[in-house]
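Think of it as A, B, C and D in the order they're written, each chain with its own count starting at 1.
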Amino acid sequence: MSLVAFAILAGLILAGALVVVFSSNIVRAAVALAFTFFLIAGLYFMLGSPMLAVVQFAVNAAAIPILTLFIIMMTRSRSVRPASGIFVLVALAVVIAFAGGLWAYLGAAETQVFPVSPEGIGLRLLSVTLFPFEVASVLLLLAMVGAIVLARRVEE
Amino acid sequence: MSRMPLPLDRHIKPKLVGYDPTRPRPGVERLAYTLFFGSLWALVVVAYGLVPALFRSQGWLDGALGFFFYAVIEALLAFGIAAVVALILIVVLRKYLGKVQERVGPMHYGPAGVLQTVFDALKLLGKEDFAPANVDPLIFRLAPAITFVSAFLMLVAVPVAGGWVMADLNVGLLFIVAASTLGAYGVVLGGLAQGGKWGMLGAFRAGAQLVSYEVPLALALLAVGVYSGSLRLSDIVEHQQGLWHVVPMFIPFLVYLVASIAELKSTPFDLPEAESELIGGFNTEYSGMSFAFFFLAEFVELFLLPALVVVLFFGGWHGPLFGLDPASFAAQALQSFYFLVKTAVWVWIFMWIRATLPRFRDDQLMDLAWKGLLPLALFGLILAAFLRMFVEVV
Amino acid sequence: MIYANLSYWIPLLPFLGFLMLILLGPLFRGRLSGWFATLTMALVAFLALGLLAEALRAAPQWRLVGGEVELARGALSGFPFRLEWPWLSIQGEAGISLTFYIDQLAALVVAMVAVASLFIHLFSIGYMDGEARYPTFFAYLQLFTAAMLTFVMAGNFFIALLAWEVMGLMSYLLIGFYYKKKTAQAAMKKAFLTTKLADLGFMLGLFWLYKELGTFDLATVAEKAALLAVPVASGIGLLVFVAAIGKSAQFPLHVWLLDAMEGPTPVSAMIHAATMVAAGVYLTGRFYPVLEQGQALGYVAWIGGITALFAAVLAPAFADVKKIMAWSTVSQLGYMFLGLGVFGWAAAMFHLLTHAFFKALLFLGSGSMIHGSKTQDIFEMNRLGRYMPWTWVTFAVGALALIGVPPFAGFWSKDLILDVAKEHAPVLWFIGMVAAFFTAFYTTRMFVIAFHHPSLPSPWKAAAWNKDCPELNLKAGDCPPDPAPEPDHKPHESGAEMIIALVALAALSLIVGFWGSPLFGQSLLLFLYPGEAPEIIPASKLFGGYVIGTLVALAGIAVAWGLYARDPLKQRAPLWLTQALQRRLYIDEFYYRVVAEVAQWPTKALWLLDTYVVDVVVDAVGYVTMITGQALRYLQSGKLAVYALYIALGALALVFLGGARW
Amino acid sequence: MITLGHYLTLSAVLFAIGLFGVLTKRNVIAVLMSVEILLNAAAIAFAATAAYRDPLFFSGQLFALFIIVVAAAELSIGFAILLTLYRHAGSVSTDVIEEMRG
């Protein structure tokens, strides 16, 4: 039962990702990206971490594609030109090698999922990983300031 | 209310004897609104109380099939609630705007025009769903659907009474934030898909506005979460047992109120559609069912955002129970009644704001979000943490 | 023990004063910074005198009985005073501790430095008034004093070396205080390089000493000196003595001191007369056990004797009052080394003390003369004795002390040294006597011309050989002679604080000599008496020496008076001799032209090596890099995707090669 | 039953797809979207491994959270650069940023 659900979910995720990569219409690609991320949030639900799922939903599935759409609008780009054929073949070879290389390590057969409560993550986040947490906040601040500075029109 | 002379040649005289469309009929209207409210309440009681109780008592929920059916039925009921709310609110809003603007509003379909929406819906369903030539058909169709789904998603998390909630998420507050962010998709995609200038401008405005106001909104919600110590909405409501959050959390309340009106894209924040400037903005090219979805979504949100105000700040379902056992069915029904009443009051306030205030300029809009609300929301967050640590524990 | 326990404040206070002035100097208005520094020094002098009194009480008491020294009472417990703080200890080992070691000598010299420095400060308040960098000047003085005091009190040679180097730096800064003058720039470099070259000997000697004895500690070194092999001890001793030669401006490293007179007139000059140059003598005194073990004292004595004579002979050829004084300093320091070299340890230290005071007096007096008459040339000074009575009196006291006329300070100490020399090295005694004659000669010449003659056109300013400055390696235009004042100018007496300083130092010059004189039982010498040393000579034996010394001095005075009272301008010596003397026997030029050239030979060899070996290698590396870069630039296609591909390939390599395992 | 291997396989394939996108796209926006897929694939691997193997510390989930944070930061900066690029060159194709060619 759950395997069926997983299969459907995984299939849709992969399909969405493929659309992102292969669609020549960039708006569709962005929508597919949102769709893929939305389904990945479902994956996190299955992994017993609603917290992660909702964060994935709010940030990756909602905010980031909207930002992407915004940029698409601002730069008035619509279509994606494909790369030259030879390069596509090279990339394909690399990708296959990559997937194959990763495949070699995929023998894990654990079956039991340990769910995690939001409180657990929160406590953990603010105790052991407090320093990375603070660093992340600084990173976000820097990103914010950096984005403003970069995107600001320089007035002559 | 003044009587307005109507040109006879544009007016089909109704068949009903003695009916005069120019004459207001407050008695009929009140009766109709009461009936609307009652039917909504009945639907809520059925969806939240009767059906789960039935399934639970028969033990159907244990089997996979029973659970599947339960889920389907609940989803349909939720959709039904959303549809009913939208249908009711459309006519109520039109009537109310009419009253504010000193006219009678819709009067022709149903007694005193109370069935107007039904005919509106029929008209929209009957119209050709037209898509201009240069649009991306997939995105064009997807946009209204996403809009409606995002509004509908929030409904799932709202608790209407003690134990009466469709999905009691332990991250409900974050879920609300996420779902409301999703609402921006429909607008942006809708504007983007049309390929026209109005749509594009509307999409720009909507995207900027929704994303900007998302930030203070989320911070205000977070303040409530910090203060009540839980992200679960029913816990937040329980936490207001003694004192409604509106008192200690007044600043987040204000922020949330303004930001949710902005999320609603209604006046004074209706820049994305702004008929006088953008001919409808992101929904310029929509017609028929697609337009109806946008429309529905808007009115479902007009119900849900006030409902969240009630849940987060005005004690949710809390009210006098007259000695009833809070776990009993009757008490829960009463609680859902309180909840709906409070929500109705807040819906009215939202309508009132919409009817009276003029529209912002877009730079004022941004200033308000980033320079006004954001610092206020941050202050509210700190205040909430302070209260949580030093006042409430003592 | 109160003062001994407080003694670390003695160097610390001027250091704090330095920090204060260097950081907040611009906030001090007018003369405030000078008064601040002087007040600090007054405090330090108070502490130092207290320390000396304490040391006098606590030191072992010797008695002179029938020409033999015998111990009346041993040292009190806790003497010599010792303060110690752990410092530079590495991983719990003892390392090098910060030690202050105050025995009789240190207490005496600390008091001397503190008092002399106090009067320098006091004098400078008036003298430096109106200078642009007034607070900075006092800050330098403070740090200089702090370093000198640290050096004197240092309980181990490592600390001493640090303080020694700080002194070198401050000397450099003070000489170059008027750094806009070309001559000052050249002089500061010259002084710095000369003394640094000498310091190399100090460092090498210290490291060698540490290798042999495993300690830097002063007292331990003195105890263990006897364990050193004779050649080793003489090697170490001579290396350290090189540093002393450099610092104390002994032949052949005397060249810097004369040019150090480029610093602000009385003060930096006085430092280069009374305190800093004394450090070399002090250091040699501290290394005495090692030198003695190494049987190297003969070199010390000969260097001292030669320098004493050499400088005294050169001095009469100069017309600049400060330069005469500088030669005099070199000469007197030579006496001290002479005394050290002929086992007259305590006598040399006695002379160190008296010389500090009367030379400080003379320098401040000459500063006052320069201040009053606006010239440094003795010929151009206009009957100063008439216009500057205070300066005249005090300068006369200083001059008599320098000449060695009884009962002034120099008389007791110099003749004691000469007596010791007569006992151990008659040749050196004779040299010392000749030098004493010349000392009297040049002092009288200077005194007569400056104080009693109306102003004259300076005879040497116009001389062809004085047009440029070969001794500073400068060209003609870079060192213009100072402008002469009006022919009949009216000098004026200096301000009150300057006169107070002069009078105080004059009084000290008069008094201090008695402390070591036979009249008072040579009590200073007994105080300093290190044990078995032969320089305590019974008064009866001393008498003959004193008579000869006085006669020689009077002869010098008489000759100078006879030659210069009438006609100072008359050219008596052959012109080539005058030129040679004024060119300082061409030693400076020899250094600049020949030694510097020779010293550059290895440099040039290295330059060739650098050009034809190192550069080729470096260039080859550059070319290889460039060619490789040229080849590899095709990898940098500018296409984003290609870069991403490289990243992916790298990651792929990690996946396959890294061997990540479950 | 679903095993950890299922998730990791999904992650690997997703990663490969994203990598292909990064390599072949010419539009910088599309490249950035593909990078997002890469990051999410990694996050899935982290979260899944933690869910199956790390019941006490769930470090993987935290890693996934940080990945989301980093992704957001990266994207905002990336888009800001993109916007500047667009103003500078009038296009967001990788063809216009070949000034670094050796």
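Note that a residue touches a chain if its C-beta (ideal position, glycine included) is under 8 Å from a C-beta of that chain, and two chains touch if they have at least 3 such contacts.
Owing to the predicted nature of the structure, the values given are computational and were not obtained by experimental measurement.
Here A-D and C-D are compared, and the pair linked by more C-beta contacts is A-D.
Subunit B and subunit C have Cα centroids separated by 93 Å. Work out the mean CA point of subunit A and of subunit D, and you get 6 Å between them.
A separation of 35 Å divides the Cα centre of subunit B from that of subunit D. Between the Cα centres of subunit C and subunit D there is a gap of 72 Å.
Multi-chain contact residues of subunit A (touching two or more other chains): 51, 55, 63, 67, 72, 83, 87, 90-91, 94, 98, 102, 105, 107-108. For subunit D, the set of residues that touch two or more other chains comprises 19, 23-26. With touch defined as above, subunit B holds no residue shared between interfaces to two or more other chains.
Because contacts link the chains in a way that matches no line, ring, star or complete pattern, their graph is best described as other. Put simply, subunit A touches subunit D in their complex at residues 2-3, 6, 10, 13-14, 17-18, 20-21, 26, 29-30, 33, 36-37, 40, 43-44, 46-49, 51-52, 55-56, 59-60, 63-64, 67-68, 71-72, 74-75, 77, 80-83, 87-88, 90-92, 94-96, 98-99, 102-103, 105-116, 120-121, 124-125, 128-129, 132, 136, 139-140, 142-144, 146-151, 153.
Interface residues of subunit A, counted against subunit B in their complex, comprise 1, 25, 27-28, 31, 34, 50-51, 53-55, 57-58, 61-63, 65-67, 69-70, 72-73, 117-118.
Contacts from subunit B toward subunit A in the complex involve residues 64, 136, 138-139, 142, 169-171, 174-175, 177-178, 181-182, 184-185, 188-189, 192-193, 200, 203-204, 207-208, 211, 214, 231.
Here subunit D touches subunit A in the complex through residues 1-10, 12-21, 23-27, 29-30, 32-34, 36-37, 40, 43-44, 47-49, 51-55, 57-58, 61-62, 64-66, 68-77, 79-84, 86-87, 91-93, going by the rule given at the top. Contact residues of subunit C toward subunit D in the complex are 632-641, 644-645, 648.
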